[in-house]
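First the structure, in the form of structure tokens, and then the observations on it.
Order of writing sets the chain letters: A, B, C and D. Residues in each chain are counted from 1.
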Amino acid sequence: MKVAVIGATGFTGEKLVEILFNHPEVEISYLCAVVEKAEKFSDIFPHFKGRLDLVCANPDYEQAQKSAEVIFLALPHKVSSEVAPFFLEKGKTVIDLSADYRFKDQKIYEEFYKIKHKDSRNLKIAVYGLPEFYQAEIKKAKLIANPGCYPTVSILSLAPLLKEGLLKDVIIDAKSGISGAGRKAALEYHYAHLNGNLYSYKPFKHQHLPEIEQILSDISGSKVSLRFTPHVIPAERGILATIYASLTKEVKESAVNQIYAQYYKDAPFVRLFEQKLPQLKDVVGTNFCDIGFQIEDKKIVIVGVIDNLIKGAAGQAVQNMNIILGYPQTAGLL
Amino acid sequence: MKVAVIGATGFTGEKLVEILFNHPEVEISYLCAVVEKAEKFSDIFPHFKGRLDLVCANPDYEQAQKSAEVIFLALPHKVSSEVAPFFLEKGKTVIDLSADYRFKDQKIYEEFYKIKHKDSRNLKIAVYGLPEFYQAEIKKAKLIANPGCYPTVSILSLAPLLKEGLLKDVIIDAKSGISGAGRKAALEYHYAHLNGNLYSYKPFKHQHLPEIEQILSDISGSKVSLRFTPHVIPAERGILATIYASLTKEVKESAVNQIYAQYYKDAPFVRLFEQKLPQLKDVVGTNFCDIGFQIEDKKIVIVGVIDNLIKGAAGQAVQNMNIILGYPQTAGLL
Amino acid sequence: MKVAVIGATGFTGEKLVEILFNHPEVEISYLCAVVEKAEKFSDIFPHFKGRLDLVCANPDYEQAQKSAEVIFLALPHKVSSEVAPFFLEKGKTVIDLSADYRFKDQKIYEEFYKIKHKDSRNLKIAVYGLPEFYQAEIKKAKLIANPGCYPTVSILSLAPLLKEGLLKDVIIDAKSGISGAGRKAALEYHYAHLNGNLYSYKPFKHQHLPEIEQILSDISGSKVSLRFTPHVIPAERGILATIYASLTKEVKESAVNQIYAQYYKDAPFVRLFEQKLPQLKDVVGTNFCDIGFQIEDKKIVIVGVIDNLIKGAAGQAVQNMNIILGYPQTAGLL
Amino acid sequence: MKVAVIGATGFTGEKLVEILFNHPEVEISYLCAVVEKAEKFSDIFPHFKGRLDLVCANPDYEQAQKSAEVIFLALPHKVSSEVAPFFLEKGKTVIDLSADYRFKDQKIYEEFYKIKHKDSRNLKIAVYGLPEFYQAEIKKAKLIANPGCYPTVSILSLAPLLKEGLLKDVIIDAKSGISGAGRKAALEYHYAHLNGNLYSYKPFKHQHLPEIEQILSDISGSKVSLRFTPHVIPAERGILATIYASLTKEVKESAVNQIYAQYYKDAPFVRLFEQKLPQLKDVVGTNFCDIGFQIEDKKIVIVGVIDNLIKGAAGQAVQNMNIILGYPQTAGLL
């Protein structure tokens, strides 16, 4: 099975290439990115030297569609929806890692991303690629909207308890490594700026908030609104979300454990921690989402962790591909 | 004015020595710590080489009290209350950086620190050394209970709004550099464990929670209870507290700004950020507490930052000393 | 093929378990370490949770030898040579990651490690496990002395040019991440000590110096002596060695390139950088050794990089196992 | 005494402002930088909030010269020599932190910096501002060429022994924090690129090499040539130089100690370590240069450390100002 990666030089694109390259069932037949000059991918990322021999040139979509059946779009928001229609028309399966197809309601997208949507038509066929909750839809999808990093960990941590009607007054305090901001040259990503630093940004207004609310509402069957504040920590990778909520009724830790266990009994990448809270480093480099919690007096604290580039982006995209192509969900991801 | 530092080799003790050494009005006449052998302080901490010539030997309290008028105790919890009575009896001013004298109610101390209190008698005369709220009492104090690091930033961020009756459902999500855990050899403080890591600990149960609640109740005049979860971030120093609350009534950002400004108009170490949130690194190495906030729909997010070793420990101890001795609050601290 | 890991909880042991666990041809049938209580390996290292179900208890060598054909010893120096004879007598293949069997001349070992050797008899049969130069001997070995981390990168960088008689006055300035010091609780490994720090240690006297000299002498066929100074950098993993030498005759960069290429034409884990110098991060997490160099006026600077825990320890051990068992050298390592 | 800082928003300029702001004898009467819009310096660098109220606007040299007697140029190479003549003509004392006036031989400058020199006339009056060796000249200087960071630590470590004719075959392996590269937006300074990384650059060709050679030749009285390779380490600040040399004759460590002690007996910022090697962190945040060494068999290893932004730039600039203005060398620097 041949696959193509469009936008291979961002953090997510690079990670996607790495995972797909090691995948037992697929072959990367094409990759590209906006580059100053065509050069070997392993000259841009020397850790691939001697392993991967592809050349990375500027996009040639015709060549891409000829050479591959599955197209991964690791492009900036807005660009994806300019590119996806072409591949969809050619009958390709498109897995889009941008936000462009994540919102059923295009107005929310336009409000939070501050751009007009370019491809409302295909919005309707897009499937939100969170395998733990939408596996049946993913199986048949032609266009996957791969979830955002914060939404992935937030939704996995919250959905079972919200669906059971156990939570209210939800607050997500999320902490992310800097790779979440993308591979860009900027003073605020300078080592000297981030080292030893920590800051919150966009409280109430981060573009992942409506994504989290939309999907949690869809899963739980009733409108969810919550508070969400992301932070940047002095680390490269990973997100830890500390989630605060009130319980709608007295419930024992064992009962909560059972609920999680029930929801995730067939989810190979969700690991449940009983009696203790997960830490970030145990998921860095993996496609796992680890979840733990503690309860006191009708208050609950839930802690979820993922690698933002893997379960929060490239790994989940491959997990979606596995489902679509009928491979084991874990192929190339353990 | 001569001062002594008992327990000079912890992170806090070392920082205290550094601040006092640079202080224009005082002289360190004695320092000690539990050590394997007496040696020059600058051999233990070579950054003092050529500047500070004191020898650090095992404690000799008789010598300490003879040589100094102000005694700083940078000792572990429980040890302080074994040592303080001796100096108090000799008429010395004691500034204790441990938790031993922070609780009016000894039972809370005993519950959270899991030890019997050693000196309940002096509990009564202890003054909680948060200058922004207890300056009058500090001026006359013989025994200062220097606040904990998390309580300092939490109380400064919350007290004005709580006293004005504006907040309910308060949650503190605090993130601290590893120096808060003390200078100890342990696998969990190993560079390889912490680098790239992040974890929460003791939700609902951290010993600083009752300290925060006690002081906020005292300042606001009504019983405060809240939720508090600390985290360790991969950094050496500093605490950032992200605080979530509901507002008890509609209030504009400008009104909240005014409240803070009013409460802290004479506080040289509280800096208020309007329209933006402070970041950790701007206070590291300083005695400042920076505070910012944002409001939406009767919800508020407050962000406070301090250097845990300075405003959260050694700097605040010196600020307390300055007040007691009649120096400007900022002496040696700017 | 069943394998056992003795000493599974050090940094090297943990990494060995990880590599062997993912290896397509072998199964870890036994692992152990000196522990306070037997517990699941995934409780000690939660990143294995849901993947690896072995229990880690205190060593039971009888059980180990019954359950496995290849025994990896990831033990401290001196301990290995107390344990290896037992397994050798049972006919097992032993791959020892300590220094105990690396020295042909036991006196050098005893001088640099400051202990009496425990098993001089088996010293004679031990094969130095550097596949790029001793593959034929490794194939037939019953006891592998797996090379040290600094020696691996130093020898691979130097051996071809030394054997060709091109170098004199060799100086190795090596920089290593802290994991090289082992998983131990100590103040000098404290995050707050290492973060932002850098220091050299043991110039002229590091125990890897005689190992480097012995093997380079053996490979080049004439006695090599050189200078070697290691440093600790504020990073978790990897070694970068900057090597200075004088050239014994005028030689072009292209000629040097050819020499390296010739020596390493069958070495899947040595990557040669022409016209540029390798950087550390490109080998972290891999079994590669990247080598580059520059020449000016009969002076050469060579830069070699490895991951100290992989090519410098666990990965190379598995590479040796692959050779012994007739698997592709790269099995489980790409 | 009023001083001006031209180019206040680079790492060096910011540090200069901080040191001068805390200096007991001077006042910053003017600062500027190329900025998008004029704003408070404390809005650009919030750690100055509440302490420093100056506005940073685009350069107005007329205003600068009117308001200050001493002009610090913290400008990029080439720009300084376009600006300095104006201030010199007005009779101001200029302390230039760029490389523009460091070379007596303009051709070397032009070769290594790859630009034509703009102000050869003032080259002649420029004094190399290394106080430990040029104090008499500095006292009378109108134009100071403040030394580079690598040259400062290299020259201080080497000059005494070179002048005594003790060294040959000198190699400097230097390791620097990333702030040495300047406050610029670039992918190679991205946190995710540098974290856990390490690399060497420009062996044989770094522009600080001819500066080191020129000054060491001048001090020692005979032509010095050596090898110099800088590295970037994953840290923000500081340089550690590991220096290798052969001794021209047998000499005891005690004799070498005496030589250093003799040369630096009046140097308040050079600290000599006997029997041990200095580590980087002990000088970070200070104007000290710490030096240690070890000898074996007519080979010596010298280790020198400085904070590149302080003794390697801003601190040394202020030390030069102190000398010129007749203040104690240490004013504002301890």
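Here, contacts are C-beta pairs under 8 Å (C-beta built on N, C-alpha and C of every residue); 3 or more make two chains touch, one makes a residue touch a chain.
Please read these numbers as outputs of a predicted model, since none were measured by experiment.
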Neighbouring chains common to subunit B and subunit C, by label: A, D
Chain whose average C-alpha position is farthest from subunit C's own: B
Distance from subunit D to subunit C - Cα centre to Cα centre, in angstrom: 40
Rounded Å distance between subunit A and subunit C, as computed from the means of their C-alpha atoms: 37
Sites on subunit C at which at least two other chains make contact: 193, 195-196, 234-236, 278-279, 281
Residues of subunit D that touch subunit A when the two form their complex: 11, 178-179, 183-187, 189-196, 234-236
Contact footprint of subunit B on subunit D as seen in their complex: 45-47, 49-51, 196, 268, 271, 273, 278-279, 281-283, 285-286, 288, 290, 334
Touching residues on subunit A, where the partner in the complex is subunit B: 169, 171, 173, 175, 177, 193, 196-201, 203-204, 227, 229, 231, 233-238, 240, 242, 244, 277-281, 284, 294, 296, 299, 301, 303
